[in-house]
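There are two complexes below, and they share subunit A, which is joined by subunit B in the first and by subunit C in the second.
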Partner chain A sequence: MKPRVSGNLFPAPALYEMEVEKYSFKKKSRIKEFVGEKFIAANALTALVVILLIFIFIFKETIPILTSPEVKKEASISRMTFKQEFYPKRDPKWSWQPNSDVPKYSLLPLFLGTLKAALVAMLFAVPLGVGAAIYSSEFAPRRLREIIKPVIELLAGIPSVVLGFFALIVLATWLQNSFGLTYRLNALNAGIALGITVVPVIFTVAEDAMTAIPRSLRQAAIALGANPWQVTFTMVLPAALPGIAAGIVLGFGRAIGETMIVLMASGNAAIVSGSLTDSIRTFSATIAAEMAEVVFGSPHYNVLFFIGTLLFIFTFIINLGGDYILLRMRERIQGKTK
Partner chain B sequence: MKNLLISALLILSASAAFAGNITIKGSDTMVRLGQRWAEEYMKIHKDVTLQVSGGGSGTGIAALINGGTDICQASRDMKLQEYANAESKGIKIHKVAVALDGIAVFVNEANPIKELSLEQLRGIYTGSITNWKEVGGPSHIIIVYGRENSSGTYAYFKEYVLKNEDYADATQTLPGTAAVVNAVGQDKFGIGYGGLAWSKGVKALAVKKDEKTPGVEPSMETVINATYPISRELYWFFNGAPSGELKDFLNWALSADGQKIAEETDYVPLPKEKAESSTIK
Partner chain C sequence: MNTSRPAASVPYHFKQKSPGVIPKGLTLAAVVIIVLILGVIISNVFLGGIGVINWEFLSHPPENGMEAGGIFPAIFGTVAMVFLMIIAVVPVGVMTAIYLQEYTRPDSKITRLVRVAINNLAGVPSIVFGLFGLGFFVGFIGTGIDSIFYSPGRPVWGQPAIIWASLTLSLLALPVVIVSTEEALRAIPRELKEASYALGATKLQTIVRIIIPQAMPGIFTGAILGISRGAGEVAPIMFTGAAYYLSHLPSSLHDQFMVLGYHIYVMATQSPNIEATRPILYGTVLVLLGLTVLLNLVAILIRSHIRLRRVSA
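Right after this comes the complex of A and B.
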């Protein structure tokens, strides 16, 4: 079942419908305009088509999970979700061991691992990112602001493999020595490194949201006798909240999809546990580590593509949601909707 | 359409192969050996270019079957499924053992344990033994490090030490023996396994076949005379019997010069008779 890529989920906003008036009546320039317009439209369409094709290709390889009986014996949707009794007379459990006499494809440990890493990343990045955005847009002197903004956005340029390496060698040892953790490579370690990549995402969007609040709002508050602290926390922050929420949502999408950091720094152990100081195995790290050797066309191959489809859908919905919130916020500020 | 593309790529890569360019892919355990051999060989034969990369034995075998490499390095034999895949693509696999290796079991240098039996190793790695005090060490959870399931070392360890049982779910999987050694070196209560050639910075345990025989430390001698219980052959796989530059390279690696370089790189050279019988005349 192919999901609808566009359509009635979010109604096309008026912002994007513009009437193009053709002023020129000379035939030659009309043809040039026509060709130019269609060429630009084709470029835009290509991006859309590429996304669609990627999704179709990935989804095509997961179809045997839904249709083929041999694959369903090992890896049907219910086998991947619920506890399975893999060996007779042993307790049913969740386990991810694809290379085994009895292949095991439980997705729950991987799902929990992905969520734990993203959770730690958000707990680390949201206070830092939003706090930095508030300081930069409300309280910092102009010259300091012009330094802070590009520097934090530089954080976004650090390659994730470098951060993963840093977490593996330096951060893990420091965390283990400071907090006496049992496991050196765990969700906390990977989550903090993930948080470093998420901070610039949250900062950029939140800061733009706050500077977009019209000056008149702040001036009205001051006129009523508010001090700068009150202006920020009672006027500007509530007005910018949708934008900050959008930043958080986009950051979450980034944290879920990030691969290299969790591959290197999380220990890659597929266990079901609630503790944040245990090792985790995420969806993205599983694909990265196992795709290279998997036998083409086997159930393992289909399951890996299934995980890829899940990731694609999660991040697509998350990013769509974040962009939609931003759009509505922009319209509200411009006075186009309530 | 896909088949057309693949055959076009195969033809291109095949033609590239015989242009003095040899690609070697596969085992991370053997990647250092392959690189040293490549360096030395290129010094003698300046017209040949050798490219060596890792990725795991499984990756190399898949590449050999798909035509992406000339030589596949593997620290394990190919599985039946992989032989069948090759057959179905019309590839006749030529297997040559080019060196020996012992899988050492590493613990941190601060760990007082000096030897373990195969039974205890199996218990630790399948999760039935979870605390160091059960094997005579301090009272602390055993932090178990292993390799990803694309690794030949993973597969060999599973078959011979774990007797095909599953690894414990809590085993932390790392990419490459160097990562395992690094992790165990920094973790006082860790245990890991990997090729003998990588044991710098950690302590390699003596392994007992069972409770009665004495523990044997992994070293060149104990691997060659087969007293160390976890030793294995390291293979090169070819698509058909090698000829031309591939044959020259193989014969050179099996010769006394090649095997001496293996020994210098901390791998274990083949016994002379075996090397000579594998050389292609």
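Right after this comes the complex of A and C.
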């Protein structure tokens, strides 16, 4: 490429000409620079503005639950939390039946369902994600490592609706036949499929944390006579533990918020039960299944947005926490704090 | 102690307690299981779907309550949607990355704040994006446009539409584009920028003429990953524009549209006759999965190319 030089270098113009030209060039380009920088800066604020807008617009539709007497009669915070006597002379219970004659908005069945699915997902994903991260960062030959990482990226790239489809059509049948389950779609089925999406999250964060451990630390351990797996388990793992924990926390956030898989593979029955082989209904799937048919501005509508607010706040805290752990770990490794 | 070997050439401890077969084997097993899962999913979808894939299937609309015919409207809708999404997200994402890398210091307050926001945006559940798209784009912006420019009555913009679905997805893809662009920006050798400044170029000129062209592969990767992410997401577009079934293709920005992911969801869960729709369902899943896997492979290849260049530079 031919370099372009702005301004005349040869021949030297008269002094006053040079001053004029220099001045005009500078002024014009200064304005351009200023406008350009401000424009770029304004665009850079998009992410920040969007986060604020998300909170405002989700929370806005939640407010009637706190203020409007009509909405509160059906769906106040306490009615959503505690056992309710929905019909006279019957035992109080938790129930999610928003479309019944007596609308019931107990969040406990949904909360239990969400927790059960996430629990199964974590039991499935933590050993796989952390194990694969350890192998990739500590034991794998370089060539193999260059293959493992893209494979995990591919796994992360599978759309959740495809995983939901797979769990619904293939995994559910297989689980039912193998273990003789009563319900085809249940917490176990949804949780395993959910775990498949969590594995890449845990793997990526944990692997990053382990490869970030400085070489000098490893060399020190080797110099003391440790063999490769001793280096890993007495030196690298303890040092990278915060990073691994952050990966698990972020993975949990992912499991709570994931929608399509649980919507398709969990059975969507809001049951209060401790069994992992019962059908479940989660927060996210409830929003997805009911938002399309809900009457705009009804208590049901407000409750769905309330659930959205809960999900948003929960994942927000999880993400902040995960980031904070990673930041602290990075600082410690670089020796900025003691 | 065995002294027959020279201690210096073979470290004694390595030989004695050498390699922890159990930890190595267990962690390797985790890798193998992950690879197997990926293999089972891809091969199951491939074997189940390859039989129905032909030109007819790809170029015709669904017929007979989705029990026959093809998926052309869903392919068209997906392409149109990600196209609009990419137009919206790439400029904003690239400028954010440039601002973070070129204009601010990594430890400045504004950089930290924006970074926290980006990380959080990446972690917001997709269904919450859907709620936001409904409340903000459809309910606030769309209804706002209607109340200013159109007479009251039937909503024009204030209803689910392809433009709102695309914009909702672009928020989801924003972190992907930013992260990928930033990686490319970091890989640009400092000498190139310094040479540009030495020739008298201003900062803006350097960015436009040197930095952006150099970062192009990274921007491209980000766009591809964004497309792959957007093409597969369903939850954010369920209430903001995707339709069960439409007899016509979307012809304007405020039309509803069919999309592959939502089509899969509808066929898998709402079909009255699951056995009859199953081959078509598998075919649709194969098209979507093939699309995302292909896009991801391209992104992986470009990225490893960038990394190689950085190592050799």
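In this text, the second predicted complex is superposed on the first by the 301 of 338 C-alpha atoms of A that agree within 3 Å, B and C clash if a C-alpha of one lies under 4 Å from a C-alpha of the other, contacts with A are read in each partner's own complex, and residues count from 1 in each chain.
Here is the rule we use: contacts are C-beta pairs under 8 Å (C-beta built on N, C-alpha and C of every residue); 3 or more make two chains touch, one makes a residue touch a chain.
As the structure is a computational prediction, the values presented were derived from the model and not from experiment.
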Per-residue contact with subunit A, leading partner among subunit C and subunit B: C
First, second, both or neither for A:Asp208, with subunit B first and subunit C second: neither
Contacts of A:Gly253 with subunit B and subunit C, given as first, second, both or neither: second
Which superposed partner A:Glu331 touches (first subunit B, second subunit C, both, neither): neither
Partner chain(s) touched by A:Leu163 [first = subunit B, second = subunit C, both, neither]: second
Touching partner for A:Ala292 - first (subunit B), second (subunit C), both, neither: both
Residues of subunit A at both interfaces, subunit B in one complex, subunit C in the other: 168-169, 263-264, 292
Complex contacts: residues of subunit C adjacent to subunit A: 11, 13-14, 17-20, 23-24, 26-31, 33-35, 37-38, 41, 44-45, 91-92, 95-96, 98-100, 103, 113-114, 116-132, 134-136, 140, 171, 174-175, 178, 199-204, 207, 225, 228-229, 231-235, 238-239, 261-262, 264-265, 268-269, 278, 281, 285, 288-289, 292-293, 295-297, 300, 304
Interface residues, subunit A side, partner subunit C - complex: 3-7, 29, 32-33, 36-37, 39-41, 43-48, 50-51, 53-54, 57-58, 60-61, 127-132, 134-136, 138-140, 146, 148, 150-155, 157-166, 168-170, 196, 199, 203, 225-230, 232-233, 250, 253-254, 256-260, 263-264, 284, 287-288, 291-292, 304-305, 308, 311-312, 315-316, 318-320, 323
In the complex with subunit A, residue positions of subunit B that touch it: 55-56, 58-59, 61-62, 81-82, 85, 141, 143, 148-150, 154-155, 158, 164, 166-167, 169-175, 179, 182-183, 186-187, 190
Residues of subunit A touching subunit B in the complex: 95-101, 104, 109, 168-169, 172-173, 176, 182-185, 263-264, 267-271, 279, 281, 289-290, 292-293, 295-296
